[in-house]
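Each of the next two complexes has subunit A plus one other chain: subunit B in the first, subunit C in the second.
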Partner chain A sequence: MSAVGYAAVVGQIVVVGAGAPLLTGWMRQVRARLEGRAGAGVLQPWRDARKLLRKEPITPVGTGPAFRVAPALLVATTVVTAGLVPLLSTDTPVSTHADLIVVVALIALGTLALALAGLDSGTAFGGMGASREMTVAALVEPTILLSVFALSIPSGTTNLPAIVDGAVDEPARLASPAGLLATAALAVAVLAETGRIPVDNPSTHLELTMIHEAMVLEYAGPDLALVELGSQMRLTLLLGLLSSLFVPWGIATDVSWAALAVALVLFAAKVAVLGAVLAAAEVFCAKVRLFRVPELLAGSFLLALLAVTASYFLSGAS
Partner chain B sequence: MRTTYDIDVTELPLRAAELLTGGHRLALVAAHHDESGPRVVYLFVAGPPDTRTELHVRLDPGRPEVPTLAHLSFPAGRFEREMRDLFGIVPLDHPLPRRLVRHFHWPRGWYPMRPDAGPPPPFGEQEGPYPFLEVEGDGVYEIPVGPVHAGLIEPGHFRFSVVGETILKLKARLWFVHKGIEKLFHGRSIAAGLPLAERISGDTAVGHALAYCLAVEEANGTEVPTEAQRARAMLLELERLHNHVADLGMLCNDVGHGILNAHAQRVREQLLRLNAEVTGHRLLRGGVVPGGAALHALPDRAWLKAVGEDIREITDLALGHSTVHDRFTGTAILRTDAARTIGCLGYVARASGLADDARIAHPFTPYDEAGLTVPVHDTGDVLARFLVRAEEIDVSLALIKHFAEGLSAPMAVLAPAPTSGAGPRTGVGLVEGWRGSMATRVELAPDGTLTRVKPVDPSFFNWPALPVALADTIVPDFPLTNKSFNLSYAGNDL
Partner chain C sequence: MSNGLYTQLLDLACGAFLLAAVIVLWQRELAAIVRVFGLQGIALAAIAVLLGAHEERWDLVAVGIGIGVLRAGVLPYLIRRALAALTAAEPAEAPRRITGRQRAHSEEVRETQPLINITASLLTAALLTLLAYAAARPLTELNPTPATRALPVGLAVVLIGFFVLVTRRRALAQVVGFLLLDNGITATAFLATSGVPLIVELGVSFDVLLAVLVLQILTTRMREAFGTTDIDDLRELHD
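Up next, the complex of A and B:
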C-alpha cells in the first residue's frame, strides 16, 4: 500500500500545485473566448508567476511578521489540505486524518493569514479588504462545514475519504434532496471563498470594489507570486473537493497504479469541466452589491442547513 | 444676440443677481489683462430664445479685486477661485477662499496668466498641506485613493471619510494636469488655435473645436454656409455616439458584467472606424474648421440603423439583467435641487430632471426641424444616467440621419476668408458637447491673432456634484458612480 499511497498524496499536491495556474489560465481563456476576445492563453498565469519570481522581493516599511509569513502560510495550508482531501485516492496513508473540520480549519487559517497581512500593511485598502474578506469568510466557513455535514450523516463519519467512499458505493445518496441541496450550498460557498463573480471580481482594476485583491495590494515580486499561487491552488482544491464529493466516480478507492492513473486523468477532466462551467456562468452574471453578498451567503447557509435537516430525517439515521 | 455691458465693479453683484433670477445661468468667467489694467468678463446665457449677456468690469491694476458672486451662484464661486489662482484677482468675501487650480508647488505670488509671469518657474516649497476636512467619530476612517490609479485613467486624488462601508464625505482633489492651454492660445493665429482646441479634452474634439470655431466666426463676422453647419451638427452627434456607447459598456463592466462591455467596445470600434472614414481621424479631428467643415465621406444609413439596433440590444440586455439593474437603481442619487444649485450640465443634469440642452437654447443650425427631443429622467441615480445616455444615442442616430441628408461627400465648405480687422473682434461659442454645454470665448487682436481664448468644459461645472451624489453611498459603488458621471480631468484643468 505504502508506495502507491504515498504516490497518491504526492500526486495530489503536485497536481494541485502545478495545475492550479493552468486551471486559472483555462478559465480566463474560456471566458475570453465566450466574450469574443482572443485571450492570453492557458499558460499565462505560469508566465506571470515566472515574471514575478524574477523580481526583487520588497516589503513595505513598517510591516511585521504577519505580512511576511502570510504568503508562505497560505501556500502551506493549501498544500497540506491538498495532501489530505481525497482528490485522487480515498486510500492514502493520511486519509484517516482527513477530517472535515481539520480541512475547513486549514482553509480558514489561510484566509485568516491573508486578512492579518492586509491589516498589517497598515493601508486603508488592506484594512478594508481584510474587513470585507472576514465578513464573507464568517458566512462561508459554516456553510462549507454544514453542507459537508449533510453528506457525512449517511456515512456516519466526518472523515472525508470515508464520505467519498460511501458515495461511490451508494450513488443514490448524491441524488437525494439532501445531496442536491448540499451541492448548491457548497457551490455558492466555493464561489465566495475563491473570490469569483458574483461575490468578488477577480479581473477588476478598481481598487475600491475589491475584496481579495484589496488585501494583497501591497505584495510584489515573489511574495505576490506565492499569494497568487495560493489563491489559484485554493480554487483548484475547492473545485476538486466539490467534484470528489458530488461526482466521485473514477477516484481510486483501492491501492493500484492503474486506478491512480485513471483517477488522475478523470480528476483533471472533472476540474477542467467545472472550471469551464464556472467561467461560462461568470460571463452571464454580474457582481452583486457588496451589501447583497451576505444575503446571498445567508441563502446558501440556509440551503446547507436544509440539507443537514433533510439528510437527518430522510436517511433515518439515529 | 449678445449684449455687452461695461459696468462698474460695485454694480456687479446687483446686475448678476438680476440676470440669475431672470433665468440666466453663468456660463463663463474670463479675466483679461488689457493695457489699462485687468478686466473680467462674466458671460450669462439663457434660452430659448438664445440670449447672451456679458458684463465687463474693469479693475484697478494696483488692487485687482472683485466682489464675490459665490453667494448668488455656486459656479461663480469656482470661477472666482480659478481666476484668483491664475490671475491673482482677489474675490472679496469669498466663502471658500482656498486654492483651486493652483498647483501646490508653484512659488507663492506667481500667477501664470499674468503678462509678466514668464516661463514656468521650478517647483518651489510646498504651500503647506492640502486642507482636507477631517471627519471624526467612532469607527470613522479615511481611504485615500490616487492620484495614480490601478487602471489607465486620468490623475485625481479622492479622499473618502468612511464609516463601515458608507461614505460620509468625499473630497475630490483634481488639478494635477494643468497644461496652460489658455496661455498657449495666446498669440496664435486662428488656424493654429484649432488643433489646440481639439486637444483640450481628447474625447471632445468636435465639441471644443466647434465652440472655438463658432466663437472665432462671431468675432470675425463670418457667415458659415448652411451645408457646413449641417455637417458640423452631424459630427457633433457622431462624437456623442461613440462616447456614449463606450460609457454604456464601461458601466456594465464596473458591475462585473464584462460581456456587454466587450460588445459595446466592439460597436465603439466600428464607430471609430466610421469616424476615420468621415473625417480622416478616429476621434473626428479635422472635421470642424474655422469658417466651415470638411468631410471625406458620409455614414451609410443602413449601416447606422444596424448599429442602432446593435446598441439597443446591448442596453436591453443590461437593463434586463436583474443584478445589473439592481446595481444601477438608487445608486448615488443626485437630487434635482442639488443639480440645479451646483449648476450641472449635460446628461448629469438631464438624469436629475433638468432639461437644459444648448442645442435647444443656443442652436447654431436649425434643430427644430430635425425633431430633436431631449431625454430627461428625474431619479438622479446611476440608472437614470445610463438611461439618458441610451436614449440620447437614439436621438443622435436620428439627428445624424437628418443632417446627413442633402450633404455630399467628399466636401469642404468654407466661408469666404474674413477681411482682417472686420467684425466685433470678440465672440462666444456655445455647443452641446457630449458631456454637456460648453462655452468658448475668444478675443482677437486687430491683426487676427488670438489675444485670449477661454474654453469651459462641462466637467468644470459637474465635478462638485460627484461628492454630493456620493454621500451615503457605499465605497464599492464609487467606481460605478464615477463612471456614470465620466467627467474629464483634462477639460476641467486647462
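Up next, the complex of A and C:
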C-alpha cells in the first residue's frame, strides 16, 4: 500500500515540477498558433531555464535575506503543496494532512515571499508590484477558501482528498448551482492568483500595467530561473486543483499501479486541455484596467459566497 | 417528476434567479442589464412552472407561463424601446457640438457613476444575501421543503432590487431596480405559498405593466425637459 502511496506523492511532485514548463510552453504555442505565428516550441521554457541556470548568480547591491530566500521559498512551498493536493491519487500517506486551509496558506506564503523580495530590492517597480500583488492576493485568498468551502459543505470536511472522493462518488454535487458558482469563482481566483490575462499580463514589461513581473524585475540568472519555475508550477498546480475539484473523474481513489497510471495520463490531458482553453481565451480577451480588477475579484468573491450559501441552505444541510 | 430531480431543477432555477440579480448589479451597460433582466424573468417563470408541475396545479403552470411572457418578453421590450428612443433622439436635436453630444449619448446608455461604486455594491449584495438568509431562517424552519428552503433567494432579490433602486442614477436603471424588486416579491410569494390567487397575480402583473409604461413615458419627458435621465438633476424645482 505505502509503496504506491509514496509513488503517488513523488509522482505528483515530479509531474508538477517537470510538467510546469511544458504546460507554459504548450500554452504559448497554442497562443502563437492562434495569432498566426509559428511559436517557439513546447520545450522553450526548459531551454530558457537551462540558459538562466548556466549564468552566474547576481544579486543587486543592498538587498537582504528576503530577496535571496524568496525564489527558493516560492518553489519549496509549491513543491509541498503539489505533494499534498490530490492531483493523481486521493489515497496517499499525506492525504490526511491535505487540509484546504493549509494548502491556501502555503500558496499565500509563496506570494508573500515574492512580495517581500520585491520590497527588499528597494526599487520603485519592486514596491509597486508588491503592493499590487498584495491587493490582488487579499481579495483572491478568501475567494479560493470560500469557493472550496462550498464543495466541502456536502462532504462535511475541509480535507481536500475527502472532498474529491465525495465528488467522484456523487457527481450530482458538481452539477448543483453551488458547484457551478464555485467553479466560476475559483476559475477567476486562479486566473488572478497566477497572474493571467484579465488581471495581469504575463508577457508584459510595461511598467504601468505589470503586477507580477514588476516584483521579479531585479532577479537574474539561476534565481530568475527559480522564480519562473515557481510561478509556472503554481499555474500547473492551481489548474490541476481546479480540475481535481470540478472534473474529478480518473483520479485514483484506491491504491493500485494501474489506477495511478490512468490518473497520470488523465491529469496530463485535463491540464493540457485547461491550458489550451485558457490560452485561447487570452487571445480574445484584453487585460482589465488595474482599477477594475477589484471589481472583478469582488464579483468572484460574491459568486463564491453565493455558492457557499446555496450549498448550505438550498441542499438542506440545516 | 421524481423528487430529487424536482429539487435539483428548483435549486438551479433559484440559483439562476439570484445570479441574474447579481449580474444586473455588476453590469454598467443598460442594454446588457435589460438582457439579464429578461433572463431573470425566464428563471422566475421556471420556478412557477416547476412548482405547478410538482403539485400538479395546472393553473399555476399557466400563471408561470404568463409571468414568463410578461417579464421575459414584454417588459424588456418596453425598456429596450425606451432606451432606443433615448439614443435615437440624439442626433436630430443638435447636429453641432458632435463630441459633447456623443459623450452625453454614451453616458445616457451606461450607468457610469452609480452612487456606490461597483465593488462596494457587490460586497453589499453579499451582505444583503446573508441578511436575507438570516431573516428567512425562522420561516424556513416552520416547514422545511425544497421550496421554502429557497425562500431566502426571493428575499435576497427583493433587497438587491431595492439596493439598485436607491444607488443608480439613470432613470431606466432605476426602473430595472423596481422590476427586480417586484420579481423578488413574486418569487417569494411562489416559494412561500405556491402562488397567490390568480386574480391577485393578474392584478399585480397589470400594475407592473402599467407602471413600466408610465415610467417609460416619464423617462422620455424627463429627457425632453432636462436633456438627461440623471435622477440627481431633479433636485431643483423648475417652473
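Basically, the second predicted complex is superposed on the first by the 317 of 318 C-alpha atoms of A that agree within 3 Å, B and C clash if a C-alpha of one lies under 4 Å from a C-alpha of the other, contacts with A are read in each partner's own complex, and residues count from 1 in each chain.
Throughout what follows, a contact is a pair of C-beta atoms (placed from the backbone, for glycine too) under 8 Å apart; a residue touches a chain by one contact, two chains touch by 3 or more.
Just so it is clear, the structure is predicted and the values come from calculations on it, not from any experiment.
When the shared chain is aligned, no partner comes close enough to touch A:Q44: not subunit B, not subunit C.
Once the two complexes are laid over each other on the shared chain, residue contacts for A:T157 go to neither subunit B nor subunit C. In the superposition on chain A, A:L206 contacts subunit B only, with no contact to subunit C.
Contacts of A:T63 after superposition: neither subunit B nor subunit C is touched.
When the two complexes are overlaid on their common chain A, residue A:V288 makes contact with subunit B while staying clear of subunit C. Number of subunit A residues touched is higher for B, counting subunit B against subunit C. Within subunit A, no residue touches subunit B in one complex and subunit C in the other.
Only residues 31, 34-37, 124-125, 127-128, 197-198, 201, 203-209, 283-292 of subunit A touch subunit B when the two sit together in their complex. Touching subunit A in their complex are the following residues of subunit B: 141-145, 149-151, 165, 252, 254-259, 262-263, 266, 321, 323-324, 326-327, 474-479.
Note for the complex: subunit A touches subunit C at residues 172, 175-178, 180-181, 294-295, 298-299, 301-303, 305-306, 309-310, 313-316, 318.
Subunit C meets subunit A in the complex at residues 8, 11-12, 14-16, 18-19, 22, 26, 117-119, 122-123, 125-126, 129-130, 133, 137, 140, 144, 146, 149-150, 152-153.
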